[in-house]
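Both of the next two complexes hold chain A, though its partner changes from chain B to chain C.
Right after this comes the complex of A and B.
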């Protein structure tokens, strides 16, 4: 079962996507976790989180983006320019951060030079940077604008009943992911951090019904699993977007285990349910605007620190890896604050700046991880 | 950071320098020339600004006044707020809050000190703030993080939705210093009913925040006086923009800097009006004589900067332009988007402009919200660069209106937002027939690329494109 999740997490056009397309299904890609999957699902469209995974070069990305830009959107553009996203019928760009929102223009302009690489439905989805009554209203209206444009383009509208059903389904799978998180953060985790990440990522690339069924099966399997990693050093992974299970594999090596994360591709994006009562669009707007714990929501550091500390406590985390992609100032700077405040409380932290994409720096990362694990080992011995 | 740097409050040091500079012209010309020898690293900027006559003297004077306000705010019973250049200070003045504009202070230090703001830039990195963040905020915020500036009451920004690294600097400082924070958020579209309503709601929330933080109510009469002053200033700026269109332009190159800096420091206050009026008097005088504002008296080219300037020590950018006979036609910072601005009227852009209505408190708050949402950068780089009323449209219309022979982009490597689209925009402006140059320097940090290299590359562009022989 884990192999199927791993396959879905490590291929751009995975088996389930190919089958969906072969059956005549349509796919809308989105660039960040603020886009509500439920709406596309209710319209019978497969929501798919766009990734930069597997880009071997950045010749196309560098042509349109300037040099001081995060490599994640550059890799996304690279893949799009190479035609790897030809299966997308639509794309949503959200202003998760400045680098990501400029994917809008760069992708469109690349389409002028490479005809056919831009999906026909292309939507800029505004997302406020704070959570108040009027920002929720604005985001709700923006979501209705999205529904209207998507419905007009694809000639399929998500009515209220279908929306409620989609919300229910996604809530169910989020509940299962919560169960997975309990297993993962327990005393004897039955899976590695890279496997856990693969399971979450797979959810953003396959039909939700199939995913939910597979998740149920996986949890049953994991509850019986005898492989245990109880003696490894327990780590938490925090920071910039990461959809590369190999990065987690490198960080874990054979001495550590990532038992918790706070990544938008990871557990963070799956916590919290959508209210099933009341107006579904407004419920979705509230959930997506409130529950994503990303530093793009300015001035809310204390709440994010509290969430982190609670997770560190409940998961028995012994050290925190604070990573950011170069030029990701939002996570990079917040990592600086986390390091200050967590170290003050005796929680070892390691800041790691990296590039997104091919793991050309794996040697450096391993060396730094060895030193970090050594530090935690010494703490264990002196405890 | 060197121990010596920590010895004195950085803002007091800077005030001390500008306060002395403001008095330099009190003596005879001989005394003035003699004293310049004692300020070898500051003399270039002082001399260049004072050389513009009355406007320059007034400008140096208001810089000193601003810095004095900043260091005395708390002692004199005022609150202070760290804020950003693209946030109109009018609302702060209306509530007796001293605005501490990070970027303007960074410019002052970059101009004045041989080492620029390097120690403060680096200090930010020492305490965990990324080195890839924008140097315009880092250059000053580092001093506050190090505790060698005035104590801070609040932090207020309006760049979320416009510039991440800017907004992030304020958010970081708020968490680091543990002081109250407020953000005005900007949707990706400028001119539609939904956005207008959002701006209005957001601005009212800001006023509630300011009232709660200071414990004072917004004074309607005081606000009205300030708004009327803003309207007067807009009218003067419109006249200056019109004058700049004359060939030759009667405005000296440094006017552009003085215009936007005065507004960032004192919009809505008499101090700013005084400088603008003096500039207008001189500009009209030159225009009536038909002479160029350039020191050489001959205008060879006209350049438009689509973003910001390069603030290396001693106004070297302005010297370079002046020495080549290039009339500086302004940048994104100096342009006004008031409804009476020449380009707004000429191009029919009223829906994207702001008006000032002082009828009652509600109309004034709505006007403030509109002004703020039309500030430089806030207006035009919030949405896709090729969208309505955004960066490309503004750049092309302004460059054409002022008959620019070329367009220049300069920013900082920290400007994720413009670096994400500047190549595309340069491609479009070139297609429109205007040679466009992208500078890879850092406006606030010569260590990224030395001024000599920056200058050489700039001149190479002028030569290769056969703009100058």
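Right after this comes the complex of A and C.
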């Protein structure tokens, strides 16, 4: 079962996506966790999280973005320019950060030079940076604008009943991911951090009905799993977007286990449910705007720190890896604050700046991880 | 029991033999293309100098970039931990260790027991590393060892505009073409090295005593410039060559591991 999740997490156009397309299904890609999957699902369209995974070079990405910017949207554009996202019928760009917002114009511009790389439905989905009464209203209106434009383009409208059914289904799968999280953060985790990440990533690419069924099966399997990871050092992984299971594998090596994370491709996506009563569109707007735990939101640092501390406590985390993609202002600066505040409470932290994309820095990364684990080992022995 | 530490770095490889906390022998070579070849040569040489064979070594710890590729080593430990351990042996009062290696630079803070409290490494480019200095010395036609003494003789050190090794090299070539005295150029290079390092050190927070390890610790121009930037005295290591601190740390870890002690 884990192999199927791993396959879905490590291929851009995975088996389930190919099958969906072969059956005549349509796919809308989105770039950031603020786009509500439920709306596309309710319209009978497969929501698919766009990734930059597997970009081997940056000739197209660098041309439109320039060198001094986060490599994640550049890798996304690179893959789009190479035609790897030709299966997308639509794309949504959300301003998760400035680099991601720029993907909107860079992708459109690249479309002038590389005909056919811009999906015919291409939508900029505004997301406010604060959670207040008026921003919820604004985001609700923006969500209705998205629904209207998507419905007009694809000639399929997500009516209220279908929206409610989609919300219910996604809530169910979020509940299952929470169960997975309980297994993962327990005393004897039955899976590694890279496996856990693969499971979550797979959910952002495959049809939700299939995913939910597979997830139920996996949890049953994991509850019976007898694999033990012994005395590995328990880590939490925090920071910039990461959809590369190999990064987690390198960080874990054979001495550590990532038992918890706070990543937007990771555990963040399962937190909190969408209210099933009342107007579904405003319920979605409230959940997505409030619960993403992303540093893009203003004035939310203390709450995010509290979330981390609670997870560190409940998962028995011994060290926190605060990683960020180079030029990621949001996570780069927030990681500095996390490091200050967590170290002050005696929680060892290691900051790691990296490029998104091929893991060319793995040797240096491994060296730093070894030193970090040795530091934690010394603490264990001194305790 | 005789123990060994083998530090295979990107520019040089070092081996140390120790017994009962005393150093028996050490050796440094220029690294070869493959880490296992460097390890074989440097370890072979240090054993020869000590007049013993490999079977006389009870435990060996490898460190450096090639640490996991050394077959004769019993264990591998990161160079960050080894430099901390080695620095502490070289200077027992050390609480902050600055190490400038061939292709990286690192700063680490130790607690009162000598355990690692915090560390940081450069993660952007080769700027501020031994390789940077080597490239610049090459442009000036100087031996690496000559660079350090130049700062004391400089009257008007240049400022390097770029942090990039390649662009800084172009800056230096321009200064040479403009007939700027070589002492002023070399001093500017030493200052540039120090300023890159100061950023890292300030990031982890200084705690006295501060010392430097690695080959660049022998460059007094860089050390003095760093002292000025940090506003603190950097204690010079006299007990042995600061370049072999990593290998010493590895040998000390080997002794602990052989006797079941703490890491």
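Of note:
Note that the second predicted complex is superposed on the first by the 382 of 383 C-alpha atoms of A that agree within 3 Å, B and C clash if a C-alpha of one lies under 4 Å from a C-alpha of the other, contacts with A are read in each partner's own complex, and residues count from 1 in each chain.
Note that in this section contacts are C-beta pairs under 8 Å (C-beta built on N, C-alpha and C of every residue); 3 or more make two chains touch, one makes a residue touch a chain.
If you're wondering where the values come from, they're calculated on a predicted model, not measured in any experiment.
By the document's definition of touching, of the two partners only chain C reaches A:343; chain B does not.
Of the two partner chains, chain B is the only one that A:95 touches; chain C does not reach it. With both structures placed on the common chain, the touch criterion links A:128 to chain B but leaves chain C unconnected.
Between chain B and chain C, B contacts the larger number of chain A residues.
By the document's definition of touching, of the two partners only chain C reaches A:367; chain B does not. On chain A, the surface patch touched by chain B in one complex and by chain C in the other comprises residues 326, 351.
Listing the residues of chain A that touch chain C in their complex gives 326, 343, 351-354, 363-364, 367-368, 370-371, 374-375, 377-379, 381-382.
For chain C in complex with chain A, the touching residues are 65, 76-81, 104, 113, 115-121, 123-124, 262-263.
Contacts from chain A toward chain B in the complex involve residues 63-70, 73, 95, 97-99, 101-106, 109, 124, 126, 128-130, 132, 134-135, 138, 141, 295-296, 298-299, 301-302, 324, 326-327, 329-330, 332-337, 339-340, 351. Residues of chain B that touch chain A in their complex: 127-130, 132-133, 157, 160-161, 163-165, 167-168, 170-172, 174-176, 181-183, 185, 187-189, 194, 198, 201-202, 205, 383-386, 413-424, 427, 440.
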